[in-house]
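Before any comments, here is the structure.
To keep things simple, chains are lettered A, B, C and D as they appear, and every chain counts its residues starting from 1.
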Amino acid sequence: MNQSPFHSAVLLISCPDRQGLVAAVTAFIARHNGNILHLDQHVDAAENVFFMRVEWELGGFTLDAAAIAPAFEQVAAPFAMTWELHFSDQIPRMVVFVSKEAHCLYDILYRWQSGEWRVNIPAIVSNHPDLGDLVGKFGIPYHVISVNKEDKREAEAAQLALLEQLQPDFVVLARYMQILSETFVANFANRIINIHHSFLPAFVGAKPYHRAHGRGVKIIGASSHYVTAELDAGPIIEQDVVRVNHRDSVDDLIRKGKDVEKLVLSRAIRYHLNHQVLVYNNKTVILG
Amino acid sequence: MNQSPFHSAVLLISCPDRQGLVAAVTAFIARHNGNILHLDQHVDAAENVFFMRVEWELGGFTLDAAAIAPAFEQVAAPFAMTWELHFSDQIPRMVVFVSKEAHCLYDILYRWQSGEWRVNIPAIVSNHPDLGDLVGKFGIPYHVISVNKEDKREAEAAQLALLEQLQPDFVVLARYMQILSETFVANFANRIINIHHSFLPAFVGAKPYHRAHGRGVKIIGASSHYVTAELDAGPIIEQDVVRVNHRDSVDDLIRKGKDVEKLVLSRAIRYHLNHQVLVYNNKTVILG
Amino acid sequence: MNQSPFHSAVLLISCPDRQGLVAAVTAFIARHNGNILHLDQHVDAAENVFFMRVEWELGGFTLDAAAIAPAFEQVAAPFAMTWELHFSDQIPRMVVFVSKEAHCLYDILYRWQSGEWRVNIPAIVSNHPDLGDLVGKFGIPYHVISVNKEDKREAEAAQLALLEQLQPDFVVLARYMQILSETFVANFANRIINIHHSFLPAFVGAKPYHRAHGRGVKIIGASSHYVTAELDAGPIIEQDVVRVNHRDSVDDLIRKGKDVEKLVLSRAIRYHLNHQVLVYNNKTVILG
Amino acid sequence: MNQSPFHSAVLLISCPDRQGLVAAVTAFIARHNGNILHLDQHVDAAENVFFMRVEWELGGFTLDAAAIAPAFEQVAAPFAMTWELHFSDQIPRMVVFVSKEAHCLYDILYRWQSGEWRVNIPAIVSNHPDLGDLVGKFGIPYHVISVNKEDKREAEAAQLALLEQLQPDFVVLARYMQILSETFVANFANRIINIHHSFLPAFVGAKPYHRAHGRGVKIIGASSHYVTAELDAGPIIEQDVVRVNHRDSVDDLIRKGKDVEKLVLSRAIRYHLNHQVLVYNNKTVILG
C-alpha cells in the first residue's frame, strides 16, 4: 500500500467483537459521501476483539476535518470503540536516535530525502559524535547527549527535555545501543520503534550475533518492535531473516545482519507512518 | 486463514467501484443477524473495480440458506455486482490429473487424508498407468486415458465424458504433462488449476529447468495458474522460488523444483477451496 | 549436489589446521588415479580446525575398496586427522520414529519410493498405532512400542532391542513426540536426526507454535538437529522459516509450520545420507 | 566470506577437467609454505570444465609477490589452465554510472564509506546532473555526460575517454538507464556490472515493473549481471526476489523492487571485489 495521492482520512478502531461493526463504520462514511480507498478488518476470535482500519478520500466528504471526530464519536460510543483519526496532510515528526553504526541511518536518510516517506525529521540524537558529519551533510540538526553509567539519569533528562521541545510523533532507535528507562518509555507508549539484531525471542539483549554464531544457527534475523519496559520484549512489528552457514564468522553475521536490520526497521517505520499498526496483548495487528 | 469451524457463508463480489459498497453488503448481513468472521476488500484504483470477500456465521442468521441468494440479489442489482455465494457445508469435488511424477500427488493425498483440506476426490485421471498403484492404496478410483499425438481429440472426448459423469467443481493438473485444447479449457473457465515448473512468465512451455540451467539463473520457481487457451499464460494464483547455484545440475534443479511445485500447487488449491480467488484482466485477487 | 551416478568414495576429514593438508589428501587420490568429483573444505580460523569432504570416482582407481582405508591412514596419521570413509554402493539403513502426525512421514515415503534418496527403511517405529495403516500400504514393517510415564524405561529398552536387531546407520525422529533418555542418545551420537517445530533456539520444548503465537512473532520456523542429551540443544543441521501474520491462529501456525518441518527434515536427512555433515563444538559444517 | 585481514593472494583458475588438478595447485602452495585460507572448486561434469579459487596467506610464503606468477605458470601450463592472480593489498578501482535514481548509490556509498568494502571510487558518472549534490557531499568527483538520441556516439566517446583517464578495474551501472554500445562493452568484458530490475530472463528491457504488474505475478525480482552486447542477456551474478500481491500498484512494485535491486547489486559487487566470480558459457561460477 503506497501513501495515497489523495487528501484522505484514516480511522484505526478496536473494540469487543459484535454484529454490525463494519456496517456501522462504513454507513457513517457512506452517509457523508466518503469514498473508501482501503478497508481492512480483523477479528481475533480467541480474544473476541475486533480491529479495523479504513481510509477514505476527503474530497467531496460532507464533513469538515474538524467535524469528523465528534461525529464519529456518536458511532463509536455504543460499541465502546477505541479509535484514532489521522489525516494524510499531517506530516508526522520522527526523531531518530543513533549510536555509531550508520547502516540504518543511511537507509532512513534515503527514504526521507527521496520522498519515499512523507515524514519530517526535526533532529537526530546520538550518544556519540561519530555520525554528526554524515547527518550534517543532510542539513538535519544533530544532538550529542553522551551517556555514561554514572549519569544515565541526567542523560535521559536531557533527552526528554529535547523531545519536549521537538514534539515528535514518534521516536526511532536506529541501532541506538542504550537501554531506555521505564520512565522514558512510559512517555512514548507504542511510539518508540526499535530494531533488535536478532530473530526475537531468540537472543534477547547484548551481542546476539555472537550468540547466534555460538549456537550454530543456519539463519539469522532482525526484529523491529515497540519499546516497552522489558528489554526486547515489546510488540513485534516486523521481522526478517537471512541464511548463513559455517563459513560465516561473527563478522560475516554482523555484515549480513545489517542488510536485514535496515530493511526490517524501514518496513516497521513505514507501517507506523501509514497508521497501519494496532497494538494489543503485546502483539501487533498490521492492517492494509 | 483456516477453514472455519462454524457453518458459514461466503460472498465473493466484484463490480465497478463507487461509494457505499461495503456499507450495503455489511448492512445486509447485520440486518439478518449475521456475525462477520472475515471481511476483505480491494479497490483497483487504476481500473475502478471493487472486489470483496465476506464470510459470516450462519448460526443465528435469520435467512435460510436457500433464501440468501434471492435476498442478496436485491442488494447486488443496483450496484451491478457480479457475485458468488458458497456454503462451508458444501464439500467441493476435485478431480486430479497426473502423468508419471508423484510428488504433487503425495502432497495432495496427505492434505486430503489428514483432513487439512475439506475436499472430495472422486477420481484421479492419468495418461499413464504408473501412479495407479499408489492411488489404489488410498482407495481412490484411477482412470487411465492414454493420449497420443494421433488420438488427442478422442482422448479429450473420453476425459470430458468422464468429467461429465464425475461433476467436479474444479480440476487440478498435478504435473499432467499434456496440453489441453481450447475446447476443453472453455468447459472449465477459472476451474482448472495447473502447476508450471518455472517462475512465469520466464520459461513458458517445455523443459523449463533445462532452460533455466542454460541461462544460468540463481533462483528457480514454480507458478500455479488457472488454465486458459494460451499456454502457461493464465491468471497466476501463486508462485514461489528456491535458490540454486552453479553446483546444481539440471537434475538438481528438477529435484529442488519439485519441493517448490508441490507447495505452490497446494497453496493455490487451498485458496480455491476457501473461495478466496477472484479473476479479472487475466490476474487474480486473493482475498483473506 | 545430487547423488553421484558413479561408484564413488567419500572422505570426511577434520583435524588441526596446518599447511599442506589439501595437498596431502589430493596427492593421495591423484597418485592412485582417482578423479575428484567434489571437493569442499573449510577452515575455522577462530578454532584453528580444518574440515574437508572429498568425493572421487572409483572406476580406474588403483586401490581396491578394502585397501583404501589402510593406505589413507598413512596420510592421515601425521596430521592427526579424524576421518570417515564411505562408498556410494553402501545404501544406508534409516529407521524412522513417528507418533501420530503424518506430514513428515508422507514426505519421507515419497523420497524413498521415488528413488530421490538411496536409502533402506527396515522399519518404522511408533508409540501409537495410528500411522500403521499408511505404513502398511508401503510394505514397511511398523512396530508399535507404546510409551507411558510409568514404563518409559521399559519402552526404551524395547526400542533399543529392536534397533539392535535392525542395525540402522541412523535414526530419524519424524515428529516423534517423546524425549529420549541420555542413555538412548549416547548409543547413537550424531546419528539421531530430529525435527523441532520452532526456529531454534527460540521455543525449546513443548508447544512452540502456541508460544510463538503468544509472542506475536511475524515468522515461524523449524529446525533439524542431531539429538543430544540436552533437549532441543543439539547441533543444528538445517533451518527454514515461513511468514505468518495476525490473521493466523495457532492452528494456522501449526498448518503452515508442517510445510516447513517436512522440508527442513528432508534436507537434513539428505545431507546426512550424502555424508556432508561434520559436527564440532555442537555445530555442523555442511560440505558440498 | 569476509575480506581477509591477512595479506593474501587469490588464484582463480579454469581448465579442462582431469586428474591431479587440485593436487598440483595445492602442492605448489604447500611447497612455498603457503597457508590456505579458502579453497573452493567445482567441476562442471556436463562440460568437463574445472574451476577453482584458492586464497592463501602471504606471510611466510617463500616466493615474492612478483615471483608468484612466473612460478605458477610452470604449474598451469601442462594443464592448459586459464588463471588470474590477485593480491589483497591491491584496492580495486570502481567507477559508478548512475542516472536519476539514488537508492543503489546510497547503498554503495554506505558500504564504501563504512569500510565494508575495500574499494576506491575515483568518480561517479551520470547522464543527468540530479545526483551531483549527493555525490558532492561525499567528496567524490561527479561527471555529467549527457546522452541524447542524436549524440549517443559522442557521449560514449566522452565516457570512454574519461575511463581511459580513470583506469577503473571495473564499472558498475547503478540504475544507469542507457544502453551501452557493443564497442563500449567490448572494452570491459566481464568488467561491467549492471542491475536489471526484473527477475531475468523475465521482462528483459524497458519498464519491467509495469509489465510484471500487467502479468499479475506474485513475486518480483532483480538481477545483477555482467553486461554483454545483447541487452540484459549477460552472465547473471546474483538475483533475489520479493513477494507482491494484488494490492500493490506499479508504484508499490517500483518501491519494493528498489530494496531488492540495491541488495542484489551490492552482493554482486562484493563477489567481484573478492575475486569470487568465474564466467563461462554466459554463466557465472561463484566460488567461496
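Remarks
Just so we're on the same page, contacts are C-beta pairs under 8 Å (C-beta built on N, C-alpha and C of every residue); 3 or more make two chains touch, one makes a residue touch a chain.
Keep in mind it's a predicted model, so treat the numbers as computed, not measured.
Traced through touching neighbours, the fewest hops from chain B to chain D number 1. Chain centre most remote from that of chain B: D (centre = mean of CA atoms). Looking at B-C and A-C, the interface holding more C-beta pairs in contact is that of A-C. In this assembly, the C-alpha centroid of chain B lies 36 Å from the C-alpha centroid of chain C. Per-chain Cα centroids separate chain A from chain C by 41 Å.
Annotation for chain C: residues touching 2 or more other chains are 45, 247, 249. Residues 17-23, 26-27, 29-30, 33-41, 43, 45 of chain D are the ones touching chain C in the complex. Across the complex, chain D is touched by residues 42, 44-46, 199-203, 215-219, 221, 235-241, 245-247, 249, 281-286 of chain B.
Put simply, chain D touches chain A in their complex at residues 1-2, 102-103, 106-107, 109-110, 113-114, 116, 137-138, 247-249, 251-252, 255, 259, 263, 266, 288.
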